[in-house]
């Protein structure tokens, strides 16, 4: 699955580049959407995010492309890889700015971990 | 191109459903991204959005899928169709909530309309 | 009815001008307020917004004036005209940036369209 | 001058009522707009806000009406009264929730207080 | 108690300095937290904020330090002093930008003022 | 260093609990402030955040306490530990919800890593 965002002034840190925390918010959101679409009916909560490295500064007006794919499946948890690319709109070239894994568990109505359905 | 959003409390109107204005903001953003990716180097500004009809209320927790495609190409302007679907995560079924066309022109450095490159 | 907003950095697109989607959000909000004040007790939802044309770029620091008036009244729906002007604070002159119609229906407790009271 | 806002979930404190700080933000914005429209060409900055008393809780869905009027004029400063009313949309009745004075000075290009023009 | 914030573009007014209303929001939040931590179990609501004076403009990238201390205790209300300092990160020097008192009452489940516990 | 936040509706995910991405944003901000205060004159950028585990759901109205301390110092980078506690305001008891390390480098005016001053 792919997703896109454009970096506006509301997303900047005080140096005028993308605020890293904003990026982490988007990563959390988009990986949750991917998991929830892959397993309809599951109520997913984020349990962990792997170590993240901010490889380069992202400037205002950049278009970010989020690439999300299922990485590993356990009995009650599933892990997604999120890789973020920044498109240089002038050249059309894109560079990787970030990559991590996000792990989700599926909760039942009582709030306990429950088995994932097969898909 | 496709894009996804999940509806959180921050996006709700005071009835507890998705605030229509929030939806229009996302439509403007995602169609601009589609145009800018199709024509690298163009500086696009939105000139119009066609009549929009809000077909159904969208509740918190809905996952919205935005489907964007190029509709019509003029010499200095280009029009995109944006259709929004709401996924019912429990059933996995989705329903259309919205559709419109958004028109962009490409500006040169002097701020005047300029010819679109062929793609 | 009139309403006012000042354009701050939080409202800008990545070119440094007012993000069109932000403007649409304000138009939706202010026309809903006008309708709700004209028909106390009605629970209004937005059903459509007419084609919109963004006539000129609006820069940071502009004061926007929203002029809202009732345009057409049906049995279960009512339409408002919203025209937006941008005040140039230095000269005191104002220019129109936008105009559209927004249509609302009044819902009863069961969520169905219901007759508008006379006013 | 009058201005209107509707209270949405994004504006609430964790008790589910309007967050007082949000209200103060709106008061600061609307009184600045009033001053700037009365004195075109003046660059105003807020220097003080009088003691404020939060008279009653404001719930989600309330429509707030801000009434702003010029209160006192000095040589380099001007004071505005802002009174906020909450409309009960069901009954059409409104109650005062807040009142204060906000004082502005007009700065010249060097950032110093400057004489107000006559109006 | 102390608290910290860094001023980002999202917090600026259209002159490019900290929007005063944003500062008032933070003052309301941090003094409420201080009161709630001093009196566990009390449900506090803000009843008033003393006159505030904005002593100097705060620029993007400033780190604000909020110093909060209990000032006066009544039978059903308590007053906190909030003083805000802006750190000049280059020099390490800090300057006071703001000071006020915020008063809270403790409500019982019926929504009436109730006696503060001794602490 | 300590910092505090109260969880309001604006911070919630669509299940009604604190959105994890919001928490990561605060962690990024507060650790940056700690680093910048420890090394006045350094321009810090975040280079990495260690693996994070979301140990428990955080509900609306919780007061979060962020504890930040310097963990490891290299020649051009410095690492801070951020531990987040959620205060149960009724009982006054607090529970750990989160812990990670955040690493910063100090940039010179040319945008290259530069030696940290001794402190």
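Chains here go by letter, A, B, C, D, E and F, matching the order in which they are written, and residues are numbered from 1 within each.
One rule holds in what follows: a contact is a pair of C-beta atoms (placed from the backbone, for glycine too) under 8 Å apart; a residue touches a chain by one contact, two chains touch by 3 or more.
Just so we're clear, the structure is a prediction, and the values are computed from it rather than from any experiment.
> Return the chains shared as contacts by chain B and chain E, ordered by label.
The common neighbours are A, C, D, F.
> Hop across touching chains from chain A and tell me the fewest hops that reach chain E.
The fewest touching-chain steps linking chain A to chain E number 1.
> Among the listed pairs C-E, A-F or C-D, choose the one whose interface is a repeat of A-E, with over half of the contact pairs the same by residue number.
C-E
> Answer with same or different: of all residue numbers used at the interface between chain A and chain F, are over half used by both copies?
Result for this pair: same.
> Could you work out which chain's C-alpha centre is the most distant one from the centre of chain C?
Farthest chain from chain C, going by C-alpha centroids: F.
> How many Å are there between the centre of chain E and the centre of chain F, using C-alpha atoms for each centre?
Using C-alpha averages as centres, the distance is 21 Å.
> Round to the nearest whole Å and give the separation of the Cα centres of chain A and chain C.
34
> Using Cα averages as centroids, what's the distance between chain C and chain F in whole Å?
40
> Give me the residue numbers in chain E that touch at least two other chains, ranges are fine.
Each of 6, 9-10, 15, 19, 29 in chain E touches at least two other chains.
> Please list, in label order, each pair of chains that touches.
Per the contact definition above, the touching pairs are A-B, A-C, A-E, A-F, B-C, B-D, B-F, C-D, C-E, D-E, D-F, E-F.
> Could you list, by residue number, the parts of chain A that touch chain B in their complex?
1-6, 29-30, 32-33, 36-37, 40-41, 63, 87, 89-92
> Tell me, which parts of chain D touch chain F in their complex?
Result: residues 9-10, 12-16, 19 of chain D touch chain F.
> Considering only the defined contacts, which chain B positions touch chain C in the complex?
15, 17, 19-22, 24-29, 43, 45-54, 57
> Please output the residues of chain B touching chain F within their complex, sorted ascending.
6-10, 60-61
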